[in-house]
Every structure is written in structure tokens, then in C-alpha cells.
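Two complexes follow with chain A in common, the first pairing it with chain B and the second with chain C.
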Partner chain A sequence: MASNSKPATRKAAIVGGNRIPFARSNSTYGQASNQDMLTATIDGLVARFGLQGEQVGEVVAGAVLKHARDFNLTRESVLGSRLDASTPAYDVQQACGTGLEAAILVANKIALGQIESGIAGGVDTTSDAPLAVGDDLRRILISLNSAKTLQDRLKAIARIRPGMIAPEIPRNAEPRTGLAMGEHAQLTAHEWEIGREEQDELTVRSHQNMAAAYERGFFDDLVTPFLGLTRDQNLRPDSSLEKLAKLKPVFGRALPDGAEGTMTAGNSTPLTDGASAVLLASDEWAAEQGLPVLAHLVDAQTAAVDYVHGGEGLLMAPVYAVPKMLARNGLTLQDFDFYEIHEAFASTVLATMKAWEDPAYCKEKLGLDAPLGSIDRSKLNVYGSSLAAGHPFAATGGRIVASLAKTLHQAGPGKRGLISICAAGGQGVVAILES
Partner chain B sequence: MADWYTNFANSGFGTTITKQLGLPRPAVLRRYEPGQPLLPGPVVIGSAGQGRLRDTVSAVLKDAGVTVLSPVTADGSTDGEKLGAVVLDATGLSSPGDLASAHDFLAPAIKRLRPSGRVLILADPPQAADSPAQAAARQAIDGLVRSIGKELLNGSTANAVYVPEGAEASVASPLKFFLSGRSAYVDGQLLTLSPADVPTGEDAEKPLAGKVAVVTGAARGIGAAIAQVMARDGAHVVAVDIPAAGDSLAKVANEIGGTALQLDITASDAPQRLVEHLRERHHAGVGPGVDIVVHNAGITRDKLLVNMDAARWNSVMAVNLQAQLDITQALLDDGDVLNDGARIVCVSSQSGIAGNRGQTNYAASKAGVIGMVRAWAPQFAERNATINAVAPGFIITEMTAKMPLGTREVGSRINSLQQGGLPVDVAETIAWLSQPGSAGVNGQTVRVCGQSMLGA
Partner chain C sequence: MGTTVLDAPPNMAALFARAALTARGRGGDLPDTRLARTGVTVEPGSLADYARVCRFPLSDTLPATYPHMLTFPLQMALMSDRAFPLALPGLVHVRNRIDAVRPIGSGETLDLEVWAERFASHRSGATVDLCASVSAGGAEVWRSRSTYLARGAKAPAGAPDSDVTVDVGDLGHPVATWRIPDDAGRRYAKVSGDVNPIHLSGLTAKAFGFKRAIAHGMWVKARVLAAVENRLPEAFTVDVGFRKPLFLPSTVTLATAATGGGWDAAVRNAKSGTEHLLATVRPL
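After this line comes the complex of A and B, so read on.
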């Protein structure tokens, strides 16, 4: 007989994480595939937590840019790793939210008691990117492949024209608007009147925070070197307002006439290669293995906005997701000890915070009686974020979850952290961690 | 495994060439492999003086499956089976005259030694003698064993163990070590035992079963070999190295089923972070507490003293000596992490004994290690623990592979075994010192140098 009572759930523990240093596109990891990077990252996690030959409940990971041959990327990476080959795995993809979404999926299965442990990860390369042939050439090649006679084959080949040879390169652009993500973000920055200087200030702080975190050994148990790279390649410890001020705006072609772009190569994240993984478990499993519990994943929320016709900014979905999650947990925006707002662009972070402070916007768009209010900036992205580390799309979530969990653990029990990640397609993924 | 010259000298053509030219003829050493018998042939045990250890030695070896033969007579007969080892119990010498029987026993017995044979002499420590004559006789063993080591051929070694009154139970572990393939590159060494509460019944194949071992500098070279041997012998290894070496560290840890800990041991909070990590991860689960710590991490920053800057001096001291002191102290101060009966092994160096041109900083740090273990030994003995040092000689690693050919060849040949050692030779010695049964070896520095001429 079916019971009306809610099944008993438990909060999934975050045991720790591992990532490889993030490399700038077409650089140190230029020859590394997504599978190479994800496998190395899982193996680093295995070494850190002594999981050789262990079967974890599930490995969930994904990549935003993926070759057709990587249809089973995560499972193939598991098979190449030191984990027990009987560990199940599957791929997920939610643009830049992939890594955090993977962690949520693993945490939910743990919460429901379906698995006792799991690894959530993400990987991306913009160097070893898949190239596709145009649709016309693709159709010819398919008919060539299915041709049964020599004559049919020759007919198919004869239809090929030189102009078809140029491959389609994946673009960092929204298919429905044709605008690069940076162009969308620039529109939002313009709408919210986000100035150049405050973007550069946020950028400098990101680099400084991350450099300081490296110096004090914060990443010693979060990062494992790969292919000779020991720190994030994009990190500029000597970044300064003066240096950033010299950079020319790179976006703004969609702005109204007369308006100038404020977003530069400095205060926007560069294309990056890298991978990350997080080990989640039930408290019981962690205790059995003699492994620590850094924090628990308390709750999560996704949201999406209509940036095509609805007049909302492409990267504003987390602004909607957070109040829903706060209400469900009876929390205010100020009830957190640490905030992790993914720095896709400095302007995105600033626009997000400005929206939460804006009474009219909170009322009209978010349906709130009062604005969520402001965030104590000293609690924001305290060990740097994507502007400093770089942003291999699917790997960012894992980077943030592991680093935040460690920060909460170091701060002591009962500390709370908020994660907010914007994603292509007008989506957002947010979560709460608690130590 | 062996170096190119050893391979060449042992090939058909190489044998002819090296013999005719009078070149060094290094042997392929008998090295330990799991499942291997302690000795490839029988042992003969003889006495000089009163000989209070004969029965103990005989019982230990029979228990280990070794055939024990009666001593050959003084007539110099070399008939009979080839020997795996010759053991002389020289305890109870009262004057130099007693040594004649040592000669009578050893000479014919050594003639019967197989390749990679072993000569081991057990004696009373000279410091504790009742009379100058007795002290002279005991000290004479020193010259005797070192000379035998230099005379032996075909990869055979000679070592001595000084056994004070009351330390008889401590004999078994070093006895088995020196006779086995684990001591392949340990030659011409004199070890002094102490009385100790020696646990028995350890698994010969997995003497470190259930132990947790921390190995610093484990990402490559000698450290990786230590981690591998420790794991082979049954220990769970916490492999430690600097974060920048984390990828090779992870590979080592994954290969041996251990865990990787990226930590710069010279960071000011490193001892505290290490202790916290060990408390968090090894207080339960894998096994409560840490049993073995191997301070292996070391660096060189060579320069003549007159040209050496402060950075070179300080960094070498910080890694090679200060970190060993600080981490050991932190482990002692923290009541929870280090188990009673713990084993600390510190890596020193031949340079710390002999000195080396261009290595004032390195040699000073490595000599300091020897002083450190000697001074700490009594305190460790109180908790049934030990602290010892191992001083490698010329060990073939990635580092020595970069040396100029001439320097490398000379460096590797100027020892009684006429070859460089392998990282595994150092690792085997460290793993032996880490065994529970090695409780009676404390405050010692064991050289793994093939009886190098440097500093001897």
C-alpha cells in the first residue's frame, strides 16, 4: 500500500574534490582530450581518498563541447581510471551549470538512499574542440556511405563543392540570437549601468584572492598538477586596475548607438581547458572509509529566463533561482557566511547583486515584497573565482563546490554558503552548502 | 634493473673483455622478491669466544627455513655444499688471542660462499668491555669485518652486529635482514643493538601488515621506491610530496593503493597540517594512528661554500633537516596520532658522513640527521618506538643519470660491490627498520652504500 509520508531523506556530504589547473585555450592542454582530462582528474581524486579499486555508487559528469565519439564520456573515463570498472556512470549537460547540476544529481540519489557515494564532475576543452562539416556536405557523405554501387558513390562525390569543405567551428554564441554570450552580458551590463571600473575592481580582487589562496596552500588538497601545469594559467597575481584599464572593450556591437562597451578581455573569462571532480557520500559511508565530511549539500534550484523575447538578460536566471531556494529554506540572502557567484563576466556578478538590491525589479520580476538586499562583499568569492581561474564550462561547478565545502569546513560547523552559476540558454543553477 | 656496465660485465663478451683488461667486475646482486627463501643455500654458524648467541641464531634461521650446517674444521677443508651465508658468533671474546678461532672458522667457510653470499659477525660492543684487552678484541671485529667486505667477490657482503647484554631478543630481525636479499647493497656496516621489547610472530611476507606509513618525497626516485616496498610489505602508505609534484605523487599512490597528500613540508604550518590530516584520516578506518614515518624528502642546492648564497643554504637546511625535526616533534607532541611502537626512519646521506665538495649545506643537513636520531633514540625507546637514519651512497636515480659519464662511473664503482645501488636497496633497508621486530635497532645510522670508500 502506498504511503503518503515523504520518504526519509538525508543530506549528502561533500568529502572533497580534485581538479587539474585550468589552462588557457590552445595552450598547455592543447593536445589533451576531454577524456584525458576527466580521467586524470578522477585518478587524482582516487589518489587523494584512497579509492583504488573501489566501486562508488555513480559517477556523473559532462562536457559542454563534446566530440561525437565521446557519447559515453564519463563511463569511458571511469574505465580508464583506477576506480572499479563496475562503477556506473552517465553524462549530463546543462551548459555552464553542468558541474553543479552533476553534483546535485549525485547528492539527490544519496539523499534518497539510492547510492552511498558518488563522484560529480565536469570537463571542457576549447582547444581539442569538435569540428563539424556543414549540413550539405554531411548529407552527401551519408549518402556516399550508404551507396551500394560504384556509380552511386561517384555520383555522391560529384556533388561535393569546394565551398562545402570549410568546417563548422563551435561558437560561444547563442543559437537563437546569434549573439556571443559576452554581447548578451554587455547588454545586461548596459541595462544595469554596470561601470567599467567596478568590473575591473572585481576582477583584480578575484586574481588577488586566488593568488593569496594558492600562497597559503589552500589548493594543496583541491588541485593536482597536469601536463606540467601546477597553477591556473590565467591567474595574474600582479593584476592591477592600471593594467586592466588599458584593455580595450571587446563587446558592445549590440549596444544602442553611442553606447560604449565596458567589458574587456580582462574582466571577462577567457576560453579555458580543464576538469574537476567532487566526491559526495552519505555520512555513514564517509565514516566507514575514514574520510572527512567537509559540508553537506542542503538544497538546490534551477531557473531559466526568456532572453529571446522576454526582455531578460541571458545570464540573469540565477537571480530568479535564488529567492525560490531561500524561501523554501526559510533563509534570507544575508544568512550566508560565504557567497560563490560564478564570474562568467565581472559584470554578471555585479548585475546579479544589483538586481537583488533593486526594489522594483524584485517586486516586478521576482514577485517579492521586498528586495533581497545586498551582500557583504568580503564574503564574496573569497578564494577567487572564474575571472582568475578561468572557466572550462562544465568544470566550474566542481571547482566551486569543492572549494566552498573546504572553506566552510575550515570556518567551523554550522557555516553556510551560497552557490550561483549562470549558464547558456538563459539558465541558472544555484545551491546551498552547509558545514 | 642493474646499470649498463654491470649488464655488460656479466655478458659473455663483457666477461672476457673486463677480465682481460682488469676492469671492475660488478656482480648482479641477489635482491629480495616476495616468496624468495631467506637464503639460496645453507648457513654455517661458528663461534669465537664464549658464544652466547649461537643457539638463538640457529633457532631463528631454522625457523626461517634455512638449513644450518656445523662449522667446517680448521683444516681448511672446502668440501661440501656451497654456502648461502657464514655467521660468526664472536660474543664473549676476552682477549685478542680469541680471535684466532675467528680466523680458523671464517677462512674455509668464506671459500665456500655462493655469489651474493653473506658474512655476518655478532659481537659484544667494544664500549662496554671489562678490560683493555677485551675492548681490543671486540674492536678488532670492526677491522675484521670491513676487510672481509673488501675481499669478498661476486656480490657478497660482510656486516657486523654488536649485541649488548640483554639485547639477545633484538638479534632476530637484523640477522634475517643481513642474510636476506633485502640487504643487497648494505655492506661493511656495524650495527649496535639495544635491549627492547621485541614483538614476535610477524608475517614474513607482510611484516608491515595493518601499519600506516607516512613517506615524504614519495613522488619519485627513492621516495617512490620506499612507498612501493612499504606497500608490498603490507603497509597503507600516505604518500607526501610538494603540490607541484602532485601528478606523479598521485600515480605512485594509485599504483600501491595508498593515498596522496600534497604538502610543502617546509611551510610553517606543515607539521600542524600533517598531524591534522593524519588525525582526520587515520584515527579510524584504515587503522588508528600512524606507525611509520619516513623522512625522505630532500633537496640539493650545490655550490662551493665561498660562493653559496643564503637561499641555497637555507632551503637545503629547511627541507633536509628542520622539517624532519619539526614534523617529528609535532607528532610526538600530539598524543593521538603516533602509535606506541612507532618507527621513524630519517634519510641521511653518505655526504653527511664523508662530506662532499660543493655540498657543505647538504652534507651539514645530512650529518645533522645522524645527530638527531642518536639524540632522540632514548626518548623513543621509552614508548617502545625507534628512530633511525639510513645513509644512501651512490644510488642510481634520475638525478644521477644527469651526472657527467666520468663522474657517474667513478662514483658508482668506488665501493666493494663495484656498482651503484638502486632506490629499492634504500627502500628495503628502511622497510626493515620499520618492522615491529626491529625494536632493538634504535638511534642507528645504516649506510646503504655497498661499502663505499667515501667516509668509511
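After this line comes the complex of A and C, so read on.
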């Protein structure tokens, strides 16, 4: 046995989190880049836990919509932050699962004893979005760049046509299906017969829960104001069923037989800008620093579904991931005190729960003898979720991990929480936290 | 029967011009000539352009529709020749069947042969099959059969009935939506050399009786195949019926169902549901 033997695996502690309020697209953060927001968020975390000039084991973060120049976004943010510049960093990207996946990666390295502390984060902007030149122009510019003679350069320039100048704007559509995520979600909502009213009810509850959480100061040590914003801009404390009922469906063009859509701008998350970060550590490191341990990241699981040709819904992968993780941990779906099901759309949350309740689906698709069953709605998204806060793709995981860890800590030791996040590409990331 | 071996691909634009100028006064039986090329290799740049336009991943294996890029010019030469009984302008591609006998490496040296057969009578005219065979090292690796309809034409006495129907099973709701831009025909013409004016612009299409430019059938077929290219058997037949013309620009949907060890697929207009293409893919 080598003298520098590694410790056995241990559970990574969640010490705390920080995020900036989420802003609606092309609004308050319109001039802020991903790097600006991620740096500010890391610095907020540094200030909260006294990490100025300190080196943490690793910083892991990502963005879904990323400029080509941001190839090293997280490391550049660390270099611009108050952390010790010798803190290593890397980028990850798993669509809307990015933030939670980053936390899992940091937690796993802590569990293996490879690092003692780490920061997991995520950021996204749909305002300062990367525009690409069209593919035709891009190819000409590349050949222009590699042209050796003046004649070759002129030849390349001569191929440019005025129509090529229009930029390509990133679209919120699946590359293989050409359908917007909302269209996919509407197909699933239709298949699971998720009604308009139950979606609106879930939406109102999200806004009310989040407004109440702000009122009682829940977010005081989770959110740092940024560019004059102190609360999530999308939050509507006065949201009501009557107001939501007035909105017109915005998706549904892919529905069969001219069926009408049920998803509106109210019960779908809007495009948002924002960033979040979570501090994870070993219990020993937290104790040495005199920092609290809110909860531990107990386990995690990913899954993916064939939404292209396999007949499964784009956002249904978490439905598959959760039973695998429960079985491994000897838990049932009811063994949790809090549930965090990411509100990509209200219908996504409802379809997820309906699928877990469906005996035929659980048997045929999930290979279970019995359905997972229903969950107590009063334990679901208790301080609001993405419908109220907004959803800057990669920042959602960090928002949820920090808020849930705090909720579990407040509820006392031995409390358990489930996180379920769906992601583009038919993927899902889920995790268990325990206080 | 004679086989003529060409040492270079024919100039397609010139063939279209010749076919248009010599359209009148055609008739008689199918010629039994065969056209061939030997020692043909694929130019990497052309393959990359083709793959990009049809949405195939660029790899070291030819897309199953790619050998048609090599054989089609020969078929054009056959059809534009005065000895061919049907006038090329007005011929409508109604069915295409490809047998991909085995995957073909992009670096392989290929021998091509094309001929016409099966002059058949159709309820609205006559059809003829343009066949192609591609071999490597003396063994056939790929073959195809393109059925063209000449409306109002008459097949010779005793001709068999046309077989232009491709049937698919129940496909369920669409798996993809494609926005087809108005330059889709020009883009495919550039990589395929199929510069038939009905694909190039509204104006040139009108001259041949179409209200707008229409997409190349073989391009739509290629895109369908590209959508399932990572889920295909090693050797397979892809049989496609071209239904109503796909006018440019359009938004269409793709529906697929895994069946019979392969696929059934349909491309339809997203709004009206008009069927543009029905396809079956089966192991060979």
C-alpha cells in the first residue's frame, strides 16, 4: 500500500450558493456577456464565503449559448475573479442539464478525494447571443484567410453575395427534428392529455411560491443583486389563473389533426439571462474554513431518450433516470421531503409526474413491476421554479442545488430532496441531496 | 446490344440543351445501347459538397444515394440521344430504387454501366426504367432503377404495365420539420450537375409548365436517408415513390417508422399534408 493512499469515497457537501437575479431576454443584462455574469456570480460566492485570494480545487461551469471566443469561459472568469489565479477550471455543456452536471462533476472529484473544494456553476444569455455568419459566407471567409496569392483572395471575395451577409441567429430548435423545444413539449402534453388549466395552476403556484420565498428573505443569502436588479425579473407575484387564461397558445403547429395547443407564454419559461454558482467541499474542508454544510450530494444519474425516431418525448429522459437512481439507493419516489422538478414548461412537470403514476408506462417503458406512484404536491418546487424565476439554461442547475440544499438544511438533519432536470437532445440529469 | 465506354463524364448542361432541341419527332423502341465508364474515383471535394447539401455526415463511406451522382450523367447521355424514344423535357421521375449491396469506401475505384429497359404502359402515358450498375473489382456493389413517366406517350404494343407504387405502413406523427429554402434546387444542382431548369428558378420552371421551381426528388430521397443513416442495415434496398412535386420554398415534415428491419418514411407538406415522397428501406 502506498503511503499517500487515497481516502475511500465520501459524500460531497454543499456549502452554499450564489446567483444573480435572472433577467428577461434583451433587458437589464442586455449588455452583459456570459463572462461578465459568471465572474460577478463567482465573486458574489467568494464574498459570501470569504474566499478572496483563496485557491479552490476546481471551478466547473458552462454555458449553452456560447461565443467561439469563450472556449475557456470558466477559466477566464476565474482569472477575472477574486479567487486565487492558480485555481484550475474547465467548461462543461449538457444543455439545460449543464449546471447540475457541473455540480455532479465537482462532487464526484470531492468524493474521490481528488479535490477538497470546488465551485460548480452555469451562465447563459439570450441577449448577448453568439451570431454566426451564414455557412456560405463562413466558408468563403475561411478560404479567403487561407488564400496565398492576391488572385486567390480576389477570387474568394468575388464569391460573396449580398444575401450571405445576414447572420444566423441561434434557434431554440432541435437540430435533428427542426422543432422548437416548446413544440416537442406540446406534443408530449397532448400525448399525456395535460390540460391548459392544470398547467396554469402550476404556473400560478410557482410565481406565488417564489414571491413568498423572496418576502420571507429565503433568497437573501442565495442571490446577489446585479446591474440594479434585486429580484428575478420574470417573477409576477400577482399572477393569477384569470390573467393566464387570457393568453393564447404559442405552440401546437406539430399537433396531429389540427388539435389546439395548451402551452402559452405564461405556462412556458421565457428566454432569460443569468448565472449561478454553488460551493461544494469535503466536510473536513468546510470545518477547517468554519463554513456550514447545508446538505450532501448523495447520488446522481443521467438518461437519454430517442425522441427522433423512438416515439418518446424530448423532455422525458428524467422520467427514466429517476427510477434507476432510486433502485440503486433503495428508495421509493415517496421517500423525499422535497421535489425539484425543473419547470421547463408547466406541462413538462405534469407529464413527468403522470408518467410515474402510469402502471402501463412504468412497466413497458421503464421496466418496473409497479408504477413509481404520485408525489405530494405540497413538497414540489416549494420556493418556485423556472416558470417564476426564468431559465438561463446552464444557470438553472446551480439555482436549484443551492436553494434545495438550504431548504433541506432549514428542515433539519436527515431530510432528503430529489432534483430532476430535462435537457435538449432528449437528456435528463437527476440527483439526490440529503441534509 | 452494344456498350459504349466513355472516358469522361458528359457535360450535363450540353445534354439538357441537346435533349430540348431534339425533343420533337421521337418514337420507336428503347435502344439497347449501354453506356459505361471504368476506373472512376470519387473526388473528395465533390463528396463533401454533396454530403453537406443532403445533410449526410462526411465519412469514408459513400452515402447510398451518392453513386447516382456518377451514373446519372450517363443516363442523361442515353436519354438525350436521338435514339431514345421519349423526349427528355417533360419526363417525370416517379420512382427510384437503390440496392446498396455493400458499403462503398470513398476511395474505391468503380466501374459504371447504365441502360434503359422496361418500356411500360401507364394510365397517363408510358414509363421507362433507367438502370445503373456499379461494380468494384468485378463485383456489383450498387444498382439502381429510376422510373420516368412520359405523360401522353404510348408504350409499344404488348408492353407490360408500369409499376410505380411504393406503399408504406402507419407512420404516426412527424419526427422532423424541414424548412426547404427557395434555393434548394440550385444548391443540389451545383453538387449533382442536374441542372434541369424546372429545379433552378420559378421563371425557368414556368417555361416547363410548373408554377414554381420544384425540389429534386433525389435530393429529398437523400435527405430522408440521411435522417436515418446511422440506423441502416449493412446492405439494403431503399425504394422511393415520388408523389406530388415539392414546390420551393416549402415547409415539409418527415414521418418514420422502424419496420421490417428497416424503415417506412414519408415526406409531406407541413400544412396541407400533400404527399411528396413515400419510402421503404429494407435489408437486402
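The rule we apply is simple: the second predicted complex is superposed on the first by the 427 of 435 C-alpha atoms of A that agree within 3 Å, B and C clash if a C-alpha of one lies under 4 Å from a C-alpha of the other, contacts with A are read in each partner's own complex, and residues count from 1 in each chain.
Convention: contacts are C-beta pairs under 8 Å (C-beta built on N, C-alpha and C of every residue); 3 or more make two chains touch, one makes a residue touch a chain.
Quick caveat: nothing in here was measured; it's all calculated off a predicted structure.
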- [ ] Considering only the touch criterion stated at the top, classify A:R48 as touching first (chain B), second (chain C), both, or neither.
- [x] first
TODO: Would you check which partner chain A:R82 touches, where first means chain B only, second means chain C only, and both and neither mean what they say?
DONE: first
TODO: Considering only the touch criterion stated at the top, classify A:G311 as touching first (chain B), second (chain C), both, or neither.
DONE: second
TODO: Considering only the touch criterion stated at the top, classify A:Q410 as touching first (chain B), second (chain C), both, or neither.
DONE: neither
- [ ] Check whether A:D220 is in contact with chain B, with chain C, with both or with neither, and answer first, second, both or neither.
- [x] first
Task: chain B versus chain C as contact partner of A:E288, first or second or both or neither - done: first
- [ ] Look at the residues of chain A and decide whether chain B or chain C touches more of them.
- [x] B
TODO: Provide the residue numbers of chain C that touch chain A in the complex, in ascending order.
DONE: 172-179, 227-228, 231, 253, 256, 258, 270
- [ ] Could you pull out which chain A residues touch chain C in their complex?
- [x] 176-179, 187, 253-254, 256, 308-309, 311
Task: Contacting residues of chain B [partner chain A, same complex] - done: 236, 243-247, 249-251, 253-254, 257-264, 267, 269, 273, 280-286
Open item on the list: With touch defined as at the start, can you tell me which chain A residues reach chain B in the complex?
Closed with: 40, 43-44, 46-50, 52-53, 82, 217, 219-221, 223-226, 230, 287-292
